[in-house]
Structure formats: C-alpha cells, structure tokens
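A, B, C, D, E, F, G, H, I, J, K and L are the chain letters, set down in written order, and residue numbers restart from 1 in every chain.
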Amino acid sequence: MSTHTYKVVELVGSSEVGIEDAIKNAIARASKTIRNMRWFEVVETRGHIENDTVKHFQVTLKVGFTMDDAA
Amino acid sequence: MSTHTYKVVELVGSSEVGIEDAIKNAIARASKTIRNMRWFEVVETRGHIENDTVKHFQVTLKVGFTMDDAA
Amino acid sequence: MSTHTYKVVELVGSSEVGIEDAIKNAIARASKTIRNMRWFEVVETRGHIENDTVKHFQVTLKVGFTMDDAA
Amino acid sequence: MSTHTYKVVELVGSSEVGIEDAIKNAIARASKTIRNMRWFEVVETRGHIENDTVKHFQVTLKVGFTMDDAA
Amino acid sequence: MSTHTYKVVELVGSSEVGIEDAIKNAIARASKTIRNMRWFEVVETRGHIENDTVKHFQVTLKVGFTMDDAA
Amino acid sequence: MSTHTYKVVELVGSSEVGIEDAIKNAIARASKTIRNMRWFEVVETRGHIENDTVKHFQVTLKVGFTMDDAA
Amino acid sequence: MSTHTYKVVELVGSSEVGIEDAIKNAIARASKTIRNMRWFEVVETRGHIENDTVKHFQVTLKVGFTMDDAA
Amino acid sequence: MSTHTYKVVELVGSSEVGIEDAIKNAIARASKTIRNMRWFEVVETRGHIENDTVKHFQVTLKVGFTMDDAA
Amino acid sequence: MSTHTYKVVELVGSSEVGIEDAIKNAIARASKTIRNMRWFEVVETRGHIENDTVKHFQVTLKVGFTMDDAA
Amino acid sequence: MSTHTYKVVELVGSSEVGIEDAIKNAIARASKTIRNMRWFEVVETRGHIENDTVKHFQVTLKVGFTMDDAA
Amino acid sequence: MSTHTYKVVELVGSSEVGIEDAIKNAIARASKTIRNMRWFEVVETRGHIENDTVKHFQVTLKVGFTMDDAA
Amino acid sequence: MSTHTYKVVELVGSSEVGIEDAIKNAIARASKTIRNMRWFEVVETRGHIENDTVKHFQVTLKVGFTMDDAA
C-alpha cells in the first residue's frame, strides 16, 4: 500500500509562447491516455528558429504516474 | 531470430525495507502487464524521511524486455 | 496544431552486420506497433563477443513519435 | 582582496506561477539568512501534477555568496 | 542536397525579464552576423543576484545553422 | 505557504554493515543539527578495503529539508 | 612552435547511407572554409524517420584545427 | 613515500543475494590476483530477470590498489 | 558458479575503413592476451583528419571478460 | 566510532597565481569557520580574462569535514 | 545595454611547462583574432607522453567574449 | 600497421607539490611496468587536508599505451 510503483514516460511538448506553456501542453495531451500523473522533470529545452526568431519552444520532460490496478 | 529487439521502460519502486526490496517490488508490479523482462539497471536511488528516519527507499530503474510478436 | 506533442520510447536493436543495421532492425520491429515515428537518437552502442569475435552489435536508441488522436 | 572566496549552497524553490518565480522565491527566502549572494545556477527543473495539471514548479538552484568576515 | 551540413555555435544571452527573453535576445543579436539559424538548445541557465534580487538571467544556448554556399 | 523553499546538504555516511545502514547513520547524525529533513538522494557509493575485505561502505547523499522560520 | 593552439568547432553532418558517410560529408563541407583540420570526435548520433524507415543519419561532431598565422 | 601511486581496475561482481554481496564477491575473486586493494567505488548496478524475478544483481565497481614494488 | 566475476578493460581500436572495423581490430588484437571476452561497450568515437579527409577512425571501447581460474 | 559522518560543502577559491593557489586560498578562508576538514575534490576550473590576459583563476571545490559533536 | 550577448569558443592550448601555462598560451594566441574575451572554463586536461615523460600538457577550454557591434 | 590498438589504464598519482607533479609521479611509477605510454587524460583532481592545509594532491588519470607484440 505505502509502497507504490510508478512508471515514467518521456514526452516532448512544444509551444510558441514559452517553456512553462510547452510543459503544460505536453501534460494536457498526455492526460488523454495516462491517468494518475504525479510529477515531471525537465530533461531538455530546445526550440526551432525561423526568420531569426524563435518559432516555438520544445521541452522534453519525464512524467511519473502511479501504476494502479487497471494500468 | 538472433537479432532480438528490446523495449526499455523506466519504473520507480519503493520499499520500507531496503534498496533490493524496492527493485523487486517494481519488477513484481510491472510483471502484471509486461512479459519477457530480461534485465534492469538502477538509474537513481532516493528516499523519503519522516521524523528523522528513512520512511522508504525509492529506486528508479530501467527494465528491458523482449518485444515478442504480441507486444 | 503547430504545437505537437511527442512521446519518446527507448529500444535496443541488434544486428550481426553493424551499427546502422541494428538501428534499422529496431525501427522496423517497432513500426509494427508504433505509428508516426519521426526521429531517433543513439544512446548506447554495445555488443556481444563469442570466440574472440563480435557476435552482434546492440544499439540502444530513443525514438520519438507524434501522439496522434488515436495514440 | 581580489581573491574572494565564495560558498555555494543548493536550494529548491517552488511556485505555482512558473520557473522564474520559483527561482525568485528561493532567493527571497534564502536572503533571510544568507548575505552577499552573487549568482545562481539552475541545476534541475521539476514539478508536481495534480488532476492532470501542473500544481507547482520546483527549481533546484545553486547560489554562490561571498564569505565575508562575519560569515 | 538532402544532406545538409550544419554548424553549431554557443551563445550566452541575458535578460532582466526571464529565461525566454534571454534566449530571444541572444538569437536577435546573433542574427546580425549568422544567417540560416534553424534550432537552439539550452545548455545552462544562470543569473546574477544584486541586493537579494535576481538582477538578470543568463542562458547559454547552442544554435545550429545551415552552412550555405557563402558561409 | 504552498511554495516551500528547501535547502539541500551533502553528507557522507558510513557503515560496516551495508548501504542502507550507511544512509541511516548519516541521517541519524544529521538530525542532531538539521530539522525537517524530507528526502535524500544517493550521489555516490564507495567503500574501504582492508585485508581483501570490505571494511566499511561509504554513501554520499544529498538531503533536503524545509527552511522553516528559525532555519 | 611545439605548443600549437587548436580551435574546435561543432558540426552536424548528414547522410542517407550511414554514420561514417555523415562524418565524411561534414568534414568535406567544412574543408571549404576551414584549413588544417586535425581530428574529430563524435558527440551525438541521431536521425530522421519517414514511413517507418531511416531517412538519413545525422552525426554531431567536434572538429579541431590548428590556428595558423592566417587563421 | 607519502606519494603513493594507485592503479584502478574495473570489475563486475554478481550475486543472487543483493548488492553488498555482489561487491564482496568481486573483491574476494580479485584478491586472488591483486594485492593491496584500498578502496572501491560503485559505477553501475544492474541485474538479470528470469520468470519475473531478479535472478541476480550485477554491480560494476572500480577498485584502487597501491602499486607496490612487485606490482 | 552462477556468480561470475568479470574484469573490464579499456581499449582503443583504429581503422581506415569504419567504426565497426575499428571495434573488430581492437578485439582481435586483445584476443592475443585476453581470454573469455564476453561483451564490449563503445565509450568514444574519434578520428584523425589528413588533407581534409578522414584518415582513420578511433573507437574507445570497454571490454568485459570472465575472470577464470588462471586469469 | 568507526562509522564517521562527513558533511560536504562547496567553495570557490580564486588566485592570480594559479590553480593550486586558488585551492589553498579557499581552504585557508574556510578554516576560519569549518573544523576538521579532511579532503577536497575539484569540481570546476574557470577564470576571468582582462586585456587578453588571465586575471585570476577560480576553482570550485567540494570539501569534506567530520561532523564532530560540536558541529 | 545591461543585457550583453556573449559568444563561446572552444580552444586547445598546449605547454611543456604546465596547465596554467597551456591556458595562457591558448588565450594569448586567440587574442590575435578575438576581442573582448571575458572568461574561460577548463573542459579537459590531457597530455602527450614521450620516453616515459610528460612531453606537453594540453588543456581544452571554453572562452567567452562579448559580441560587440563589429563582431 | 597504421591501425594501432591501445590499452588504457587508470592511475592515481599524488604529490605534496601540485597537480602537474602528481601527474608526473604517476607516469614515472607506471613506467616501471608499462611500456610505450602515449597520452594521458585527467579524470579527477582531489586531495587530502590536514591541519587546515592541503597535505597532498591526488590526480586520477587515464594513460594510453600501444599494445606491442610483447604486451
């Protein structure tokens, strides 16, 4: 009971707005198929440049979720 | 045939007893949904402290399993 | 729309021929269950030795794919 | 005189708003007991997820400060 | 043709506003002498502290650009 | 309130018995001067050898604790 | 005289054929503007996937060259 | 005299019991051919899984020993 | 019996042909003095450049072998 | 008794003379407030440049000291 | 104005005398073509051995300089 | 012929004088049993402190040597 097991998946979110927004987009998209997400950790922050301007930010994150009985 | 492909997943197991027990708990839980696990590698060892005492150990591990035809 | 979310999985491919062939074997095997793969990154290159000869190469790679609506 | 010695401490700040705010919170809190802080470096960016949403960001940072005579 | 070669340079941008702004400042300044920038990757996030407050953020990034015929 | 700030200190514990015991020894010793410890992370596991035998295990760990008002 | 100074640049070469070919393409392209290249070191091996197949390999490498008097 | 030189070798020990036991097995085996071992450092902790159970733990360690006159 | 101990040595192989060939050359040369080699892991891939061309590839690898009774 | 606990602090020493001198300056300054220092480890070596000349070296080091009863 | 942008280049300096001298040689040589150098960071320290003696030290360093208007 | 194979060993040298001297001591000691040493690379720089003073420097280095026919 007190000894939960978690699974960790790696996602890449993107946003034209900024880093926090890219993180939120990835978690929102993942929530459609993953339940019980508990934490994230940023692994890498990148982005694309077009016409000398940041086109969008790309954040790679690890997301941990509880493996419940139906996982 | 001799060129197997493996998939690697990241898990976090926990235990009030110790590090090896946290590893075993993670593998036991994962075995409910993953078949053909072959090896693990410890990525990180952490834990929670309550009242100046280790409450439980948390071990992050990568687990490799053979991608069989039904995977 | 322009802010895709990707998922990244870790695979280990093997080949008796060489490193590029091990990468291709892993991607070919993964394509049976993963759609919309976009890029890979080599994480580790290892191999087995038998009778003083390389028996096969083993390449660990991360593969990113678009999370589409059915993912 | 020109050969200052600095001490570096590791802090974890958190914020419901974003990454920069978590950094500022950590430095504001640390300023109550640490004088002469000069620079920081982000070591890790994590966060907690509740109900499929980022609950708060957690930023681990190293902070360097001059060891003055009263330190 | 399909096998472009890219060069990668390392820049440090700074901003009193935040991390994304420091990234944009570096790319805007670099665009005066570098053409065809395609992507960036954040390598390090630091900053200076004055009077117990973040004075400015400093972001080290790698920027990749296509080596065209006039490069 | 919900945005706690933590401080992280690095300790080295040792034990003739094993790794978990070295962790517990470090936390027990640190509890004499540090309040509100919340988590630890193992950074390094080493040990001394005497007469071809492990004399004791040495575990380097980071320990995080809440900076309360009296910290 | 015996104490040469070298400069190191980072390049990304690509090839539809393989890893060695991507390295050679990057060095051939760089030789148009860089003289006296002496060594390279592979930093990262990636690639693009199209239609479940490796479209091309991308190898990031550091290349060192002697800073001669006209450099 | 006070400036000893040490050599460091890398070993992989294994055990069905646990991590400390794998370390001790490696050192016991190495003591047959290496004299004057002084310290060890754990580099990697892995293991094999059979039938959903940890078959044995594998610990990679570096071991330092004094280069004496007969080494 | 089931708890083998392995020793790991670091080698650098070279080849004018390519990366796999450099690996094979190192293992072939090492087989003259090392018995029971079981696996290798690529640590670094470098090379020398002469006249704007790759002169040879240099691959650093770790090789593990069973410590048998005569080792 | 034989199971000491150590605390590790991170310092940055500087010197116009050289790397060893920067290390010694940091330890001399730290000795005013830290007792029982036992070892150090160099984490980073940097420096400032003025008028095309090294103005001073800056060495970041970790220093371990015994937690005695009065620590 | 207060938000400078810096560029970072990687150099390898060498010296028969020692590490600090290799750093100084690299900066002296680079000053012929790079203006406004501000700091350096040591990335790697290597050297060549001839006849069982250190022939020269080789230090890889990153050097940051302000991108001024003519850069 | 042009495809030499090298072996790399890890050594720890020490000196009361400084870092370069610790490197030279390790190579001098190793030359009693290892022939054809070609290069070294510094892996770690540590030291012992006694009475608030650096007692000696300890430098861990990798040393590569040609595997000749009698190796």
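Assume contacts are C-beta pairs under 8 Å (C-beta built on N, C-alpha and C of every residue); 3 or more make two chains touch, one makes a residue touch a chain.
Being a predicted model, the structure only gives us computed values, none of them experimental.
Shared contact partners of chain G and chain L, listed by label: I, K.
Each step here moves to a touching chain, and the least such steps from chain A to chain D number 1. Relative orientation of chain G with respect to chain H corresponds to a rotation of 120°, obtained by superposing CA atoms and rounded to a multiple of 5. Spacing of chain C relative to chain J, judged by their CA centroids, is 44 angstrom. Chain C and chain H have Cα centroids lying 32 Å from one another. Separation between the centroids of chain C and chain F, computed from CA atoms only, is 38 Å. Put simply, the C-alpha centre of chain F and that of chain H have 23 angstrom between them.
Each of residues 9-10, 19 in chain G touches at least two other chains.
Of all possible chain pairs, those that touch are A-B, A-C, A-D, A-E, B-C, B-F, B-H, C-G, C-I, D-E, D-F, D-J, E-G, E-K, F-H, F-J, G-I, G-K, H-I, H-L, I-L, J-K, J-L, K-L. Residues 19-20, 23-24, 27-28, 31, 37-42, 63 of chain L are the ones touching chain K in the complex. By the touch criterion given at the top, residues 2-10, 62, 64, 67, 71 of chain G touch chain K in their complex.
The part of chain B that touches chain F in the complex is made up of residues 18-19, 44-49, 52-54, 57.
Every residue of chain A that touches chain C in the complex is listed here, in rising order: 9-16, 22, 25-26, 29-30, 33, 56, 60.
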